[in-house]
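So, here's a batch of structures to check.
What follows is subunit A paired twice: with subunit B in the first complex and subunit C in the second.
For the complex of A and B:
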């Protein structure tokens, strides 16, 4: 088991080093796409917490990315520092996410999906129509990029590192969270709410908390999205972003820590890569690839790995048992 | 007041189309727990199939016929065999995501192989106005309403009055018992997929002359059908019909009396209210929950 642990650690270190070193020579566009991957991964991690760990379906994650992005855009163009916008976006998304959790106390599954879908559409209408705040369909341009510890992040590479560092911090927090008693309570909520309740887990509070925390990560992702694109309008935050994020979580593997990383990779990087080979048909090929993958493994990419590892472990265990059995027989 | 009546008639006409789509949607849910996120794209596609047949020089009636058949083949049979059957046993969510991907695929395919521009589509109902009791009413609205009512009545007759319909209902309500008493459940499920394909093709035929054939038109339609299905009652055909008509009228009235900017919000608020206050829908029965 320890060798497996070292192997995983080594893979992790190589992956992180790769993410830091390899893009140094990337052009502007490549860095933009990679930064977008990091930003979307944060949002997908939030949804993975709500859906994958706590089992609450949400089709509103895109709306929280929008709330975060608009908070950042409005405040930073007014001259506030990005970190202040981040704090406000976190508070805002926590409060709104908490409120959105209330329907989940009453209805589940597809009904919950539709309530959150309606919320998502309503938020889009607010972004589009409340021009005094969001500048409506014209959007907000010239969103400044922040200075971090005195370093300007105007150039693509430093900004990519900012996104990557944020992803690192969020990942560490998430790693800690799902191993804490809270994380276990979320899983209990997903697996068997009734049993969780009878064991003394306050399911009501944890359901609301799952929504609120997941939404906060949507907001964090939005706060980075605004300075990444430097221009936002309502269109990117419509329902299809929420659907995309849901697709990322399921395709990567809901309830797996690394699921959102892979899912966002499929959703952000795969279309770009396909574009080079299949030109105008890339979205079609992408759709077919996603359907094929889900038919092959409904639990996502990590579901395949999980099945393979379980099969290998079972095989190893039965080999051990057979060996022990034969030893026992010879001893007799 | 005269304006109000016109708005209601036009709303009922669009609502009747929503009802067709919503009925298909609930049928799929009842018989095979499929939440079809591509339902709107299913409505968009048949119009393009019919246009393609007409480009080959076929007359309109033949194009309709071929379009219907193709739609049954692609959106009924192929959809069930290739997508729903392999995924059904893995639960609702992965299948729902797969239909989202399918929606993207259909949209892109139409955009690439047909056109990214909106194309006009011939109407099977003659245009113009007629006067009834001294009032002018759009012939198109009336024709659409009449055809949709006809289709829905035929479907309810099929479901409630014939042995085949009873078998379908049995297969939907309790597949295990239905199988024991000799209902060919598999064939019944296939039949609901074919019926859904016919319903969406019909809806396509009725709505495309009004809104033009465009690859992206499925999004709005699909959402309207979802809302109609839920507001009316997710597990009831008559609920979906009532929901469709209600959403059509509410949407039209909202456009006139609420701001045009927030017209889309009204059905959404209705949806949230219904789900929170009466989750089984206005006409639905509450679902049994297994704990």
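For the complex of A and C:
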């Protein structure tokens, strides 16, 4: 047990050190892709909370990334600091996410997916048509990158570190959340809402909270996305972003803490890597790889690991039982 | 003795079918009331009406003299009314210990204090005691989904007791449990009833189990109360024999 703990700790330290040290020599494009991975991981973690832990389907996570991105773009081009835009985006996404949770109290599964899909479309139309606020299809350009504790993040490497640090903070908060009684209540909500209700779990409030908190992370992701690309228009925040985020959660392993990290890696990094080898066919190869993975393991990449560990534990337990049995028999 | 639960003329209809048809009874503090009757006589619907899972079409439910008709199940649970279900209802992915902690955590503090407080909500000791009490010690860390059916039944019952309830409604606790484990379950229920003055209402088809566990038995047929009284009286009641027990 403890050796497993040390192993996990060691892997974690190596991974974090790697994420800090290895990209130092990356070119501009490599750093952009890696920053994008960190930003998308934050949004996917939010969806993993709503969908993976609390079991509420949402096809609107991309819209919250959009809300965060537009909040940051509009305010920072007006001269606000990014941190103020972040605070406002968090409040806004919490409130809107909370309200989007209300339909989930009435409808579930595919029906809920459709309600959230409608919301996603609605937000896209707001981004595109409300030109007075969003500058419509022309988008918002010259989005500044922030100064953090006096350090400019204009260059790709410092901005990547900002994204990575944000991912670190979000991960720590998420770790705390899912280990708290709330995490247990979210899981109960997913596995058996009726029973949870009979045990005093206010399923209504936890459902709304799952939506609100998941949406907040979508917003946080968007607040970083705007200064990353430094130009936004409505197109990146249409339904396909929501579907991409959903795929990240499912491919990585819904309901696993590390699922979004892997899912975002596959969704953001794999196509880029494949492009170098398979040229024009890279998206096809990518699509087939995803289909193959989900046929092999419907619970995602971490589902494979989970099955392997469970099988090993079961084997160890039955070996113990067999040993105890034979001791009993020899004693007789 | 005062009544913990008072049910007054409760009715529940689904379309043209009246599943519960004007049921009234009291459950006194500290007693174990058995609820028997043929399948489809309205026992589970009555439970659901008492527990807020269904809203009665008419009538009133009182807990400790307070009208609770229309409260949500989670609110009732925090007032000290707990239940088990006819079909297994544990959280398969959570460990046995986490199932029990979950069953107790919403009974203390506020939502905020639960978020920032300890991750076990200070309930690990209480959960371990309950695990020991129901003889599930070696399984504490296992996911509940990996337990045998009988063990899950025990866990299901244990969860109903985590919040320290005054009144527990058990829907067929003995269904599908083997005779050895059934004896265990009966001992545990009797012990909790005696030590904590918890009051039970038990739906059950296993006559031997009901008659030996309960202080009073209520018989339902076609949505109505057919008879209510001590086990011996019920066993000898001609109407009950006709409708349910058989000759």
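Here is the rule we use: the second predicted complex is superposed on the first by the 332 of 332 C-alpha atoms of A that agree within 3 Å, B and C clash if a C-alpha of one lies under 4 Å from a C-alpha of the other, contacts with A are read in each partner's own complex, and residues count from 1 in each chain.
Please note the rule applied: a residue touches a chain if its C-beta (ideal position, glycine included) is under 8 Å from a C-beta of that chain, and two chains touch if they have at least 3 such contacts.
These numbers come from a predicted model, not from an experiment.
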Touching partner for A:57 - first (subunit B), second (subunit C), both, neither: first
Which superposed partner A:197 touches (first subunit B, second subunit C, both, neither): second
Subunit B versus subunit C, judged by how many residues of subunit A each one touches: B
First (subunit B), second (subunit C), both or neither touched by A:205: second
Partner chain in contact with A:270 - subunit B first, subunit C second, else both or neither: neither
Partner chain(s) touched by A:125 [first = subunit B, second = subunit C, both, neither]: first
Contacts of A:188 with subunit B and subunit C, given as first, second, both or neither: second
First, second, both or neither for A:179, with subunit B first and subunit C second: second
Touched partner set for A:251, first subunit B, second subunit C, both or neither: first
Residues of subunit A at both interfaces, subunit B in one complex, subunit C in the other: 194
Complex interface listing, subunit A residues touching subunit C: 177, 179-182, 184-185, 187-188, 191-192, 194-205, 255
Subunit B - residues contacting subunit A, complex: 35, 37, 83, 86-87, 90-98, 100-102, 104-105, 108-109, 112, 219, 223, 226-227, 230, 234, 259, 261-262, 264-265, 268-269, 271-272, 275-276, 279, 291
Touching residues (chain side subunit C, partner subunit A) in the complex: 51, 53, 72-74, 77-78, 82-83, 85, 89-94, 98, 101-103, 105-107, 111, 114-117, 119-121, 159, 162-163
Residues of subunit A touching subunit B in the complex: 57, 103, 106-107, 109-111, 113-115, 117-119, 121-122, 125, 128-129, 194, 239, 243, 246-247, 250-251, 254, 280-281, 283-284, 286-288, 290-291, 294-295, 298-299
